[in-house]
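Next come two complexes built around subunit A: one with subunit B, the other with subunit C.
Up next, the complex of A and B:
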């Protein structure tokens, strides 16, 4: 496939249309929402409705302002609206989810040309904005299996996540079975480790996500955790705790693999994901916030054009060599 | 001389001028002025203080650059201008500290950096242009520049103060929610970007209206002309 101008914004290049690609993302996230409903109660669904409504309303408004026709089959705003609450605590006030969704759509998605043209992931930008504006609200989590009231008051027990314990240099006191089942405090969608892995498998088998990306991302992250373990724990513990706490897995499954904001060539995708894995590792060790994935993703999104440009040049060299070999064979046959 | 050599010379001279010439280097022109809008335009009081400093420094250096025009090489004029701007900056800082003591600390290093804003250097180079340098045209340019800077500062700082602090000119105004993130520099870049996009959009619309309006007037004129001629023929 020849890319006309790799220096421009990335575009969806699967053979499926936007509806199919976004539908593939919506279905697994619905499964995660089912788990969140089990752990935190109906408030989760209200958060989902608030975020999706805000996201879609902002999207429609921006589309009308820019003089385009509203496409009812474009589910990208719904996907953005679904991802945002999953990266937040279940007790987050509704207005924060709405602000994050509106920020992602109006500031990050539409100024670059809307769906298929956005340089940065809108959901990541929305969550990053919420973290910057409301760090306390974003990093205190309710305990799972406690049904939350619709409007939680100050008496609600809220705790920090294992990612915060790791950041302070401690060892989380949750066993791995509980953690893999999602029975620990954290961003409501990112704690359901087994469900996320199952969703990732589904996306890979459906072809919505290239297997190179999650494999390269998780392999590099795990390799660095193994090579440079934290104090007070061995390499295996470090890998498991670091992968299960925070948004490392969720982000790798649903946000890093966004077809619009990733390079186009398969190996460029793998290199991009590997670099993202290394960056997430470094940010986890040295950054100020315990949830760093969204910031890493925004930085990595800015480098996509570079991966595309280098990827095309290298592909051109291989293509030329292939034609030269074919020419040589033809000459040899004639002789 | 070969045409390719001329083209090469022109291309190289453009690059050279872009890097070395103060008036054409975007980093010096924009990069040295932009941080004030990005970092300090977080409240109306900050914007007013920085605009006041900008006004005083630029007027003084403009007068000075006219007085010393053609009497010294560029590097001497630039040094004199920056030196004078530094002295004026110190005086203005004292004035700002006296008027608004709470914000002079907040402005921090930017209040000192204003002595080296893009306009000060630009004025040093403006004076090197051929022909006599008159005070009025230079002052007219400075007035426009200063007014644009102040308006830009106020426009960017107003939403950032209201949304970020829930205040306007330091007075509490009921706000539905406080977004502390809008006070950070990244939102300054976003604000300036949106402002530029809005200006571009408006300019395009005005131009389009002008073209349509002009075409409509021309069509009316043509129709009137035709009608008159038809009457005459009849």
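Up next, the complex of A and C:
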């Protein structure tokens, strides 16, 4: 009997493949889209389709141009396309979502070598590009619980978000129950605080996200808010308002934990997330934009290599220590 | 926080081969092979030197590592080091050490007695694997007065067992097959002409443990066990570390063959890139970072292989098993290891290898 093309060991594999890993990001975001549908009506689904379609089309095109084979089971472009509208107001024109997705894929993902090799998070880069190019569109939000027209005109009531109020030095006039349910103006995915927390729990329990990352990130952010509260509110208020307004939680759950652009080892991940938490705190307090998370993430992404090298150096010390002691015992025995 | 993983838990699939009786399937011509000396009547009268001499004459090879048993015995002769009998079948499907241990108890116990005598000790450990959930027969606590220690932890069990604190320094580690062949050589005057193997997999009609002659073709053994399906993969060795073979008529059973797996599986998924999830670093029993070693090997950044300790790889295949992108991480890391050893340690590599016993 002859067998052609024998494969190398091992001959059994763990049942989870990349499709499952990407599905673990897609499924919780589908839940968030359901909440957005409830608050803003069917327009969010059109936004979703626009963004995912442009991102997948750009991905396929770039793959073909670079001469690789298109892998239909690679869902990473879908994840990018799903994240981008969630960081935007529900009334955003379709072309801005499409431009952000195409920018993220063509400029930030593929020049570095496509999926797995990108240094920067493509979704964050796309949203940052949109913020820089269309700041007014990006920072005026429709009120929730009003069904949006597909093409909103000038008469649509658009307001600023609590993050803007905080940045001006005021206190938002939304109570915490409304805010945790998502019933306040803001980026359409990032406002559903309870759903995001549930998604984060799902991701951690599924093993898609190491628990060290969100814990370190949120703990450092909360500790800094508690230690240095804003002038006109107490520490507890400051922690809650700062966490709930803006994209701090959403980004921490879905973008900071992206496996491609995080360090490898658990403690390197924790240190990376802690530094990101501190940076988000500083940017929230001192930057000129009210949405700072994507810029923090892009800066932090550039440091991943350093975290990994230091992490490996520490791991190397542990390894050497273990084997040195064994060798010493052998030498002692010989003598 | 330890960087060394405790191994991964694998579904063992050892049944039904584990509980079935050991089948003898030998070449009749090899049964008459015997030593040029009379069989020993009185074990108590044997000296350690005699045992080593018989092992040399019988050409017994330890199936664990392919080394000659008499060399291993010579190295520890009369030193009073601990004897570790390896019945750890930590890979799924394989039970070719633990099964003869349980089915041929007298011969195993007699062989262990001879090893004890050669090493000059009464400090014997029989190591069996703990995490086998699906067995129909229980592994007893002791056989013929020798206690069986159960090794905890996931796959791979071997680096953990070699770090176990069984006396300091040297010890004699032998496989069950070598122990049985030593007993036969002493008591029945037989040369080693057989090995114990497991035949299993989802294409095999009768999964079982067999004692087969060395030099048989794989095809003969598959004919004996029967196939129920057209296999896509035939593996010599365990599913984690074994070698897939191309031609069953021209592949022979050797001293170190432990198992033959005949598997039909779906097409290997390919075309994914590494997504940097870090699972390989999490499961590596030696605390390496397979992803970076692989990347440095691919980009020919060889200077970093030393810094990342590529030479410590034990080639257990855990990283490839866990990889969600189905990359051949283990193969690439093994190549990097070979390169690293060749360039950095050079000729000392062999010496280090021998020191570890």
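Please note the rule applied: the second predicted complex is superposed on the first by the 309 of 335 C-alpha atoms of A that agree within 3 Å, B and C clash if a C-alpha of one lies under 4 Å from a C-alpha of the other, contacts with A are read in each partner's own complex, and residues count from 1 in each chain.
Note that contacts are C-beta pairs under 8 Å (C-beta built on N, C-alpha and C of every residue); 3 or more make two chains touch, one makes a residue touch a chain.
Bear in mind the structure is a predicted one, so any value in this text is a computation, not a measurement.
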| item | value |
| --- | --- |
| Subunit B versus subunit C as contact partner of A:74, first or second or both or neither | second |
| First, second, both or neither for A:242, with subunit B first and subunit C second | neither |
| Partner with the higher number of touched subunit A residues, subunit C or subunit B | C |
| Which of subunit B and subunit C A:114 touches, first, second, both or neither | second |
| First, second, both or neither for A:24, with subunit B first and subunit C second | neither |
| First (subunit B), second (subunit C), both or neither touched by A:262 | second |
| Touched partner set for A:312, first subunit B, second subunit C, both or neither | second |
| First (subunit B), second (subunit C), both or neither touched by A:290 | neither |
| Doubly contacted residues of subunit A, that is, touched by subunit B and again by subunit C | none |
| Interfacial residue positions of subunit B with respect to subunit A in the complex | 176-182, 184, 190, 193-194, 197 |
| Contacting residues of subunit C [partner subunit A, same complex] | 1-4, 10, 92, 163, 168-170, 219, 222, 231-235, 237, 239-249, 261, 263, 265, 268-269, 271-278, 281-282, 286-289, 291-292, 307-309, 312, 317, 320-326, 328, 330-331, 355 |
| Contact footprint of subunit B on subunit A as seen in their complex | 95, 99, 107, 111, 129, 132-134 |
| Subunit A - residues contacting subunit C, complex | 1-4, 6-14, 16-18, 20-21, 69, 71, 73-74, 76, 114-117, 210, 259-267, 269, 308, 312-313, 315-316, 318-320, 322-323, 326, 329-330, 332-334 |
